[in-house]
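Note that chain A is present in both complexes that follow, paired respectively with chain B and with chain C.
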Partner chain A sequence: MDLLGFARGPALKVALAIFCLGVVWRIVGFALLRLRRDHNAPRRGVLAFLTGGLVTVGSRSWPHPEFIARTGAGEALGYSYHIGLFIVVLLFTPHIIFLGSLFGFTWPGLPSSLITVVSVLTLTLFLAVLFRRVTNPVMRMLSNFDDYFSWFITALVLLTGLAATTHIGGPYEKLLAVHILSVDALLIWFPFGKLMHAFYIFPSRAINGALLARKGAVS
Partner chain B sequence: MSDATGALGADIAPEQAKTPQARVAGAMRGFAQEIGALSAFRLESCIHCGICADACHFYIATEDPQYTPIWKVEPFKQAYKREASPLAPLYRLLGLKREVTADELMKWQHLLFDSCNMCGRCSLICPMGIDVAALIEQARHAMFEAGLAPKELYQKAAHQRSTGQPEASAEPYRDQLLAIGQRFGVEIPLDKSDAEVMLCVPRTDIEHYPSAVAALARVMQHLGVSCTFRSDGLVAENYGYYAGGKSWQREISLRLIEQAIACSANILLVPECGHAYTALRWEAADLYGKPLPFKVRHVTEFLADELEAGRLKLAPAGTGKTTFHDPCQLVRKGGVNDAPRALMKAMGIELNELKNHGGFSFCCGGGGGVLDIERAAPLRYRTMENKLREIDDTGAQTFLTSCSDCRRTFDDAQAHFSWNKAPHSLLELVAKNLSGVGNRT
Partner chain C sequence: MSQGKSELTVGEMLLQHGISRRRFIKFCTATASALALPPWMGPAMAEQLRNSPRPSVIYLSFQECTGCVESLTRSFAPTIENLIFNFISLDYDDTLMAAAGEAAETARAKAMKDHFGKYVLLVDGSVPTGAGGAYCTSGGRSAEDTLREAAKGAAAIVCVGTCSSFGGIPFADPNPTGAWPVSAIVGDKPIINVSGCPPMPEVITGTLLQFVTTGQVPDLDEHRRPKVFFGNTIHDRCYRRPFYDQGKFAKTFDDEGARNGWCLYELGCKGPTTYNSCATIKWNGGTSFPIESGHGCIGCSEPGFWDKGSFYSPLSSAAWGKAGEVAPRQVLELTAGAAAVGVALGVASAGVSRLRQRHSEQRTDGETKGS
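Coming up: the complex of A and B.
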């Protein structure tokens, strides 16, 4: 078996298995902890509780006007590279074909040249967020191995993908194998680190919003 | 990193002496008791973006990263990951998360108590939706179990737990209450066996703002509400809540709950005291173990309801340009946003809102027990400057609030900064502008 065959064969299967089991374990592991009943009488009813949760899932995507001056730029930077990642991962035709083989359906993609431009921009934003993490005193203090390794592994996937599509740095098959191996590594790392926030973000916002709505407070 | 208090490390009462091992064990026990699915989820969700710093007045005033709200629970985040998270066995096996030390906990006293008002502003900014303030409250519980609550809060909580009063007084509060009634010419209903509403009082009002106590009695009398104070459940504040002593908080809350039940009250009326509202409205039933057999209402909520029902009529207050400070525990953490505004509107007050108001209001700086912690004063003053500037910027002649601890914090700032404004009680303003005759029978 050649490197490419290994990367998209057994390595990918193992990586996907670790990813799925790990994600389930990370969620079940704390979801099984006790959930205390709140005996305090709510100000608002169940409908407000549910709508408060749903609204906060969306509204917390952007800071409240009171906070924008201090956080708007940082959040915009954060969202920009996420959008770039989504475009590259979900709208690059070879990715769509691969995901289609997993999910059983496909969708239209963007031209490769456009994906290349978005990849370069996203990589630039990745460098910007790394620069921000190491220069911003608050972020530097909070950061640990997880933050830097999660950054590294995601950036590596982007970089190897860019190399494979532009054929820079070696023969295509080898570059593709390295890219898929980096994806395998990302899938393996995913449940162990902060990349899990992809699964946590919406329920977390919903819970905060619902509990504040129960009290009749803003969220 | 600067340290505005100049006093990193713990300041504890002699009775809190413990070995380092006992402190760590206590902290872990205290924190473990709190770990449920909800708090675990909050701890799991942090992405280290640091955005919560930008909501915190302590960070904004100092730009010191140690005041980043989520950093204030860092030892407990580590402890959770090492001891209770889904990956805990892996962390322990590979030695990826070290054990929390007593020294670390002692240093964190400053971050969890001196530099956090538990105001909850950070919980509104987190893009992951983490209620950071809830985690800080849990961490305070752990610090209490470690014997690391600041001595002022610990001693007041201990005194309140055993006597009902946070501090000894020359005259018991009961007698002071009756004396206030005589002084202000208003009847103080006391120890009635049956009443629709049970009243309680902030000790801050008894000691510093007796006119607010008289105002409460006067308004209730005007409305013709059947009400009573109870000698065995007078004090609204709960120093157990401040100190992080959950079992003490429960005992202190139970004192009021039992008295409200004893007089068959339908409503336990929380006076102008923000944290008493949180403790009674949003936490007491959980500590009681079942729903309370009465409603808990803040006095402004109660009066706004009376206003809406047409039983309360108010005359124009003529306060000129007026602004209002929203107490965090009432508004941001309690949802009491509209009631004070309805009362002000009924008195013809055109409100000049602060730049940050309602749920986004900055804390006065004294909440969460910080006003009581002596060594925290320099940092507290520093964080207050922004708030005072916001108040000045409204150009208001009259400055109102509805929490006596906030009022006391602003009064203290007035003396410290030679500030030219004094906070006034919204309740007192209502009492001064009562109109017509209450029509309850």
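Coming up: the complex of A and C.
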């Protein structure tokens, strides 16, 4: 079995199994946690508790007008590279074919050359995000191995994918194998690092919003 | 066959055929160009050939389908006739030669003895080693014995086709005959793999001619294939490549995309991972190649191509096939099993957290009451 066969076959199977195991483990563990007992009487009713959660999911997804000058650039950067990632992952025809082989349905893709342009832009944004994290004293203090490794593994997938499609750095099948291996590594790391925010981000915002609503705070 | 004439130099042979020096240099320049050799190689090749005796070539066929010889006989540049009558002395080829049986074997033995250390050994077909080599015998001898004996006196071995280069279809799982490529049997001779199922005729004759004229093994890739012919992927040189870049793909073999000549990637074309000259030299004298005829590349010049899944499964699809098939169901079962383990671990870890939380709250309550 050659490297590409290994990456697409056994390695991908193991990575998918670990991904599923880890994600379900953390979601179930998270969902079954008990909230701390709150002895205070709720300021608002159950409806406010629920709507407060939903409103916070939306309101925290956009910069607050008061802080937009300070946080707007960072949020724009974050949104931009996430959109870039979505385009590259979900609208590149070979990716659609792969996902189709997993789920049984496909959708229209974008031209490969356009995907290449988006990949380069996204990778540039990734570098900008890293630069910001390293140069901002507060962000640097808050960052740990998890942040840097999650950045690295995602950027690696993007970089190896770009190299494979543009044939830069070696024969296509080798670059493709390295790209798929990097995806395998990302799938394995995903549940155990901060990449898990993809599943946690909205539930955690909702719970925070609901708890604040119970206390009468406007979120 | 040209027994008895192999001592003549190529120049002398050409003179006998009434071919002038100018015509010969023109031919060599054209051939060097076809082989993508530097321009100065044409005259150098002519000079070298004129003064050299025609090298003896022995062609052995083992576990194969004769498609490679069929391909070889359809070479246009140089033609097989040109090659045999002007440049080489094909002293043994049990498919092409008129002699048979004892006479043919005697011709091979004589050529091997007379040109020991100088002849070029062409091999097509894989070498079966199972059942004591009984799956492929000739003249009462196994293919492995014949190969080992013939390889001893060879200047170089040219493996013609994917079977002798990488094992081919006999080597594919479950390999019932214990077949091996030549490189697994012979380790002490220069080996040039001209893979393909069949290999391109011009690539066979071109490689042979290049070795004969330069006396050196050409630059080879990691699979011992001449880089001059196997340096690029089919995808890189494919005339349908612009459609790939534009995201225009045929979805079936008879849809509008197929009729418009769009990229065949989604129909399983292996062009992106296949190295060969089909897209540039093309087949049948430059007429066309499989993709031009509407079918994707099957990757026949790559090692293990029979065992790399369906010819019609896109390269980027999971190696285990399409959703709904048997293998994907196994993957689904695997991931579902992993998810079930995840549920159990999640319940257990939440339970532990709850216990710790309760213990912590009880301790806090106790401290509050105590104060």
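Basically, the second predicted complex is superposed on the first by the 208 of 219 C-alpha atoms of A that agree within 3 Å, B and C clash if a C-alpha of one lies under 4 Å from a C-alpha of the other, contacts with A are read in each partner's own complex, and residues count from 1 in each chain.
Simple rule for what comes next: a contact is a pair of C-beta atoms (placed from the backbone, for glycine too) under 8 Å apart; a residue touches a chain by one contact, two chains touch by 3 or more.
What you are looking at is a predicted structure, and each value in this text was computed from that prediction instead of being measured.
Peer 1: Check whether A:Leu33 is in contact with chain B, with chain C, with both or with neither, and answer first, second, both or neither.
Peer 2: Touch status of A:Leu33: both partners.
Peer 1: Please indicate which partner A:Leu4 is in contact with in the superposed arrangement: first for chain B, second for chain C, both, or neither.
Peer 2: So A:Leu4 only meets chain C here.
Peer 1: Which of the two partners, first being chain B and second being chain C, lies in contact with A:Ala41: first, second, both, or neither?
Peer 2: In the superposition, A:Ala41 touches chain B alone.
Peer 1: Does chain B (first) or chain C (second) touch A:Trp25, or do both, or does neither?
Peer 2: Once the two structures are laid over each other on A, A:Trp25 reaches both partners.
Peer 1: Using the touch definition from the top, say if A:Phe152 reaches chain B (first), chain C (second), both or neither.
Peer 2: In the superposition, A:Phe152 touches no partner, neither chain B nor chain C.
Peer 1: Is A:Arg205 in contact with chain B, with chain C, with both, or with neither (first, second, both, neither)?
Peer 2: In the superposed model, A:Arg205 contacts chain B only, not chain C.
Peer 1: Both chain B and chain C contact which residues of chain A?
Peer 2: 25-26, 28-34, 36.
Peer 1: Can you check the complex and tell me which residues of chain A touch chain B?
Peer 2: 25-26, 28-36, 38-41, 43, 56, 60-61, 63-64, 66-67, 70-71, 74-75, 78, 136-144, 146-147, 192, 194, 196-197, 200-201, 203-209, 211-212, 215-219
Peer 1: Residues of chain B touching chain A in their complex?
Peer 2: Those in contact with chain A are residues 35-38, 40-42, 44-45, 47-51, 53-55, 59-60, 63, 65-66, 68, 70-71, 84-87, 90, 123-131, 281-286, 288-292, 295-296, 331-337, 356, 358-360.
Peer 1: Could you pull out which chain C residues touch chain A in their complex?
Peer 2: Per the stated touch rule, the residues are 233, 235-236, 244-247, 249, 265-266, 272-273, 275, 303-304, 308, 313-324, 328, 331, 334-339, 341-343, 345-347, 349-351, 353-354, 357, 361.
Peer 1: Give every residue of chain A touching chain C within the complex, in rising order.
Peer 2: Residues 1-2, 4-5, 8-9, 12-13, 16-18, 20-34, 36-37, 93-95, 97-98, 100-104, 109-114, 167, 171-173, 176 of chain A touch chain C in their complex.
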